[in-house]
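In what follows, chain A forms one complex with chain B and a second complex with chain C.
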Partner chain A sequence: MTNNRSKSLRGLLLAAGFIAMAAFIFTGCPSQQRMLDTGDAAQKVYVAPGEHDEYYGFFSGGYSGQLSVWGLPSTRLLRVIPVFSQDPETAYGYSEETKPLFETSYGFIPWDDSHHPHISQTNGNADGRWIFINANNTPRIARIDLATFDTKEILEIPNTGGNHASSFVTSNTEYVIGGTRFSIPYEEDLDVPIDSYSQEFRGALTFVAVDEETGRMDLDFQVVVPPYNYDLGRAGKGPSADWVFFTTYNTEEAHTMLEVNASRADKDFIAAINWRKAAQLVRDGHGSTMPGEYYHNYYIGKQGYAINDIKNGVTVLDTREIDEDFIYYLPTPKSPHGVDIDPTGEYIVGGGKLATVIPVHSFSRMLEAIENGDIIDRIDGIPVLDYDSTIIGEVENPGLGPLHTEFDGQGYAYTSVYISSEIVKWSLETFEVVDRIDAYYSIGHLLITAGDNVNPEPRYMIGLTKTAKDRYLPTGPKQNHPAQLYDISGGRMQLLKDFPTIGEPHYAQAIRADKIVDRVAQIYEMEENDHPHAIRRIVDNRIEREGNVVRIFMGSTRSHFRPDNIEGIRVGDTVYVHLTNFEQEWDVVHGIAIKGANNSEILVAPGQTKTMKWEPTRTGIYPFYCTAFCSALHQEMQGYIRVSAADSDVPLTWRTGTN
Partner chain B sequence: MKIESRIAMGLAALMLVALYYMPFWTISMSAPQYPEGIGMHIHIDNVTGHNRHDLQSINTLNHYIGMAEIHKEDFPEFEIIPWVIGFMIGFGILVAVLGNFKLAIAWFVLMIILGIIGLVDFYLWGYDYGHNLSPDAPIKVPGMSYQPPLIGCKQLLNIKACSWPYTGSIFIGFSMLLAGGAAWYEKTKNR
Partner chain C sequence: MIYPRTTFIIVLLFFIISFTFACGGDNSSDRPSGQADSPEATLSEFELEHGIGPVTERIELSVEFDPDLVEKGRNIYEMKCEMCHNMEGRMVGPALGDIMERRSAEFVMNFILNPSGMVREHPVGQELLREYMTAMPFQNVQKDEARAIVEFLREYNELN
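Presenting the complex of A and B:
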């Protein structure tokens, strides 16, 4: 009996051992496998002190509203550019010059949720001139100049609820696109019941023209479409360069509990729009003008101060009223998220986040289907094409929750997969998965160096993940979002580095550094300073009073302010300190902070003039000082302002250097 | 003088035209904070920065040690030297045309004298800037003066200053070689 039992136990153990061994032999131990081939990872990311990285990486900040700039492959943080976020470090959004950038038709909005940076393109490749980024919440698009790495322009997008499908550019930066995540009543401020959704709500897809010399944006037209959620967009390339593509979900037209109600249909759509034809229809007078106020805020002058240009009315193309077809719906499985176009412009990849496959449409087959009239339906005049006539492949076993795809230009696509937390590499020829690698954890977007270009550079890939959990030293209940750097130059993806980022990166782009480096400014030329409140020479410093408004025209140079002793300011005055930094040397900045000022410091770049608004409420002596460690005698760079009572007759005087 | 010597004299004179187009002296300064380099070029009629705004930066740095600011307007030499060079060009061409050996020697000797005067003048200015310091200087190092080297390199606090002839001086050199060669040739020929 006992013998029998021990025999069967031994048999059981033996069997278990065999099963474990078989499991190991047939599946391998993935983590150990990957550990073996990361032996040279440190060498691949090492950039020696004083050496420069090969690539600039631009990561969106998500809910931090900024854009962070990284050197790749070292993953060194180079700069954080505030865009849709006030930044007390640089006084962006606090100085009088930058405050107008945040004005909208809803008033001053100093924050937004920035998702998709996209570098301006020439012939389908990033040219490094500007980078655009969207604001999701109060719809806007910003343009950042890559000569100075600062935000030069913010354009409000009207008739839109959640500008998520933005801010992607066309091949020659003819347009930067916007798309409404929420459909809302197209006529803004319309007070209607929410359950009038299907009757009153509409979607709007926005086409913003970009001036090829200055980059200045101009809202050219909007296309009014059925009330779905428009999720992401991309412009075509090469043969499809005249087209842009938007994903949709919620074709169910739900307005409550979308996680259930918008997930019922087997297929939603990718909307393909021939933007060139749409623009021609607008030029030919097929559009109508819809009223709608929106703000266009941009810098004027050589060194820049923002103004508000308030616009009214948008040119609209309504598919219900236009007989000509310029937009088509491509049925695509299960609430597609990303829509990504391969470098040849032929493959349109949908990221069906609830789908079990990655659907790939063919652009040429789409054109054929249009030619052959393979139209299964029309929705508000928009032809719906037959799925089987546009689809060219379905990638099996992509993992759970495929979202976004980038391409290496070598015939492979890389798709981020959220739920199974991995990146899958698959062939554009066989539509089969050839490699997969873990992401830590829950990946959203991914980037490939020079990705979304006609000529991607298959060097590095970055996965932008949503939760860090145990990856780094813990920093409390809320931690920074991680990113992983992979080498994709070999046959298999190789994890090189895992690093915490800033904010909450969604999309990101990387561009070869030499496309930007030579364009980067070192100073603002003092000779070109056309700020209306600049002083041309430091000896021109002075103070002017006009009623309760006092303007201090101040200059700074190492290591003093002129003037640095000021008397005659009164409680109740509105004081503007216009500080001109006379330095003409790279990276020598001065700042000013005044005790009790309800404001941030004001940091002024060499050759620039910036203004702090200050409304003193108490009498007394107010120290001010230079906030930047500008020189050996930085700590001596200080001054005093005397504030007297409102009815005081202390004369307005200023001086420097006479004790 | 033989035709070859006269051509050489003419060329020697014309070489000096280059001085109107390029600096003949450079003072470069290196310090840890200036990986991009900083310095001055001296022309016959101007003093400029190596980079567009170097002069302003040099003046900013120099004020800490109480050195006077460097401005083109402060040097009367810049008004005179272009005329002197112009005279030497005209004189040289005249020598070439006349083919007078004695005048050629006079031209050559005058050039040497002018060169010595130039160097002495440069030294005196350097001495003046380096020693004539403001009593209000924030940085005072006992016993320290800041005269830049006449030729060569010198460490001045955190800055290594180097002073060398520059492109224009190469043309002066060629000019002297041509004129000297012509004189030598004429002299040995007549012996």
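Presenting the complex of A and C:
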């Protein structure tokens, strides 16, 4: 009896201890967070009203499909740039000018999952001209112009499933890369059994050339590789600038229950590709053309409207058919996730997701191994190098589930660790952990200011975490994902701030504001408005009918539309409202909304022309108004459209200013 | 508590005090003036007659109109002014058909080039704002373009 009771007591204590431990692991202990004294932390993140932040932070929106822009260190949200998802606030994806950006070989797709923003680079440092971001689900890459903070271009990536290892640029933005997470049958639309995986499925690694002047993308070539999952990629820098590196997992070639079946092998690979040599092989005619329809959508004109350029066929280098070696596999422990290159370009750091160490390869040793022929195998023509001949260090005790690494340029690397929810700082000299700090909770990527550049700036670090749990006031069963701002300018990492973001902040980059601010446009100059439906003189406001298509050429200024009284529209008409904003003052925006229109409002920046499509289905008087609070007489900025029956003979008339 | 409340309050006070002193001086110039000093008292004679802005001395006007300049001025007027101004009769802003009889060329140019300054600091600008209740926006017009608009308005005035 006594014995039994003591047993059950012991069990109870054990359970209580376990629960306490689990609570500690999963929720941390706020009173023991290592942060600066509250006053110091407040001072470090305080940016006075009217003052500007030192850094722009660009955070991917993850499953929101967008890109959010933050001021750092204040963590003030500056803007959300819509990229892969429709945005009724700005009419992105609703206006006629932006709808073509959403077209793919599968039709109009209103959403995607955006993961890895990457700022264009010059000499290995972010230059602030453009930022690229990938779409995971229906593979695409977008380019955002950092003069206007608008998405200007979206390129579909054919023959790819899950463009996750994207959109990282090379040192001088020669290429932006893509990689297939899911290997799929390479031949377009091939209908085969799923268990023909090893025979029919292939991976594709994509190289998109970027025009130096305009940023316009062009799918240059793809490398066809064995059917693994290609997870992440990064370009080399300095001595390794001609190379890009991709991680692989599922070298087991599983196609079901990957959680188990793709976690068996002790080592998977990092694929190292000499892109300059690969490009030369393509130039020398070693590639072949594979069919593959894809959409290339981009803005034309000075202020721009998007068009669809439908393409077919892509140049491929198939490792099974090419004798020259330009790609090598570096064995790397246990389903590596991230692959990150240190500022010197020498160290290739794998995030050994399931490994107990962080493996670090040496670029120079890799070149030696290639030179010496330290090849242990060939897979579909790809040489597999000897692990011992490329590895230079293994960081012991990095926590559970190391994922991604960035650098401070002072000899240290910082690796996010998912399962144990922490960031570890380790030395690139001794490969030993020197500091660790908690993340709240379950960290994915991290960023350091310019932390993937040749010249990192050891100021701030942000951890991008996956669950908020108890960190803020609760907002229901699904909460926004958080991020934490740390100070890394001293010896130890210090938590400064913890803040909610939009969507899932998957990866982010930060760039010094002075690299961007002088390039930012304040208006679209009216003299340069080459939109085919713009009006450049207000006297040109008019309405044109061609059959059932009616075009309203409308102008706006504070605080009226011209025309603002319109009659003669009929049920069954397709009406295009082309609204030109005649303002030339920074940040003075006009919008238009029409009652009953099955569409969003449209917002028009100063000097810009935007188009709303409207198909009225009922007769009556339709009020319309300016949606942007533009002036003291904003509430007077309105008009009426009369819609008559389909067979009505009400003449088409328009006027302004005479009652 | 690890972080004593008193420390926090002291830091907060420090911020408040330092910002009061650091920024207090600048702000007054952004506010509409005219409450304390009458603008007439602070403006020069030139500014009172010819406006406040980048045009700070008399410009030469030829007796004959320059047809190229008139045409350039007409184009800019139609693109950037006509939304709000009629030649005859009030609209959002005042009629411009006879403006060159009422104002000097320099005044018109300064109003185009520095509209926010004019309605804030010039007695005529302030009066116009009270009358029309809409501040004229800057329309990204350069000095040579404002000169062209003046030429166009001069010719219109002459011919009509």
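Operating definition for what follows: the second predicted complex is superposed on the first by the 621 of 659 C-alpha atoms of A that agree within 3 Å, B and C clash if a C-alpha of one lies under 4 Å from a C-alpha of the other, contacts with A are read in each partner's own complex, and residues count from 1 in each chain.
Going forward, a residue touches a chain if its C-beta (ideal position, glycine included) is under 8 Å from a C-beta of that chain, and two chains touch if they have at least 3 such contacts.
What you are looking at is a predicted structure, and each value in this text was computed from that prediction instead of being measured.
Per the definitions stated earlier, placing chain B and chain C onto a shared chain A by superposition produces a clash between them.
In the overlay built on the shared chain, the residue A:544 is in contact with neither chain B nor chain C. Set side by side, chain B and chain C differ in how many residues of chain A they touch, and the one touching more is C. By the document's definition of touching, neither partner reaches A:432: not chain B, not chain C.
Legend: residue contacts after superposition of the two complexes on their common chain; A:557 is shown touching both chain B and chain C.
Looking at the shared chain after the overlay, A:48 reaches chain C, while chain B stays out of its contact range.
Of the two partner chains placed by the overlay, chain B and chain C both lie in contact with A:633. When the shared chain is aligned, chain B and chain C each come close enough to touch A:583.
Of the two partner chains placed by the overlay, chain B and chain C both lie in contact with A:523.
Touching of chain A by both chain B and chain C, each in its own complex, is seen for residues 523, 557-559, 583-585, 631-633. On the chain C side of its complex with chain A, the touching residues are 2-3, 7-8, 10-11, 15, 19, 23, 78-80, 82-84, 91-92, 133-134, 137-141.
Residues 31, 37-39, 42-43, 46, 48, 523, 525-527, 536-539, 555, 557-560, 562, 582-585, 588, 631-633, 657 of chain A are the ones touching chain C in the complex.
Of all residues in chain A, only 523, 557-559, 583-586, 631-633, 636 touch chain B in the complex they form. By the touch criterion given at the top, residues 36, 52-53, 56-57, 60, 64, 138-139 of chain B touch chain A in their complex.
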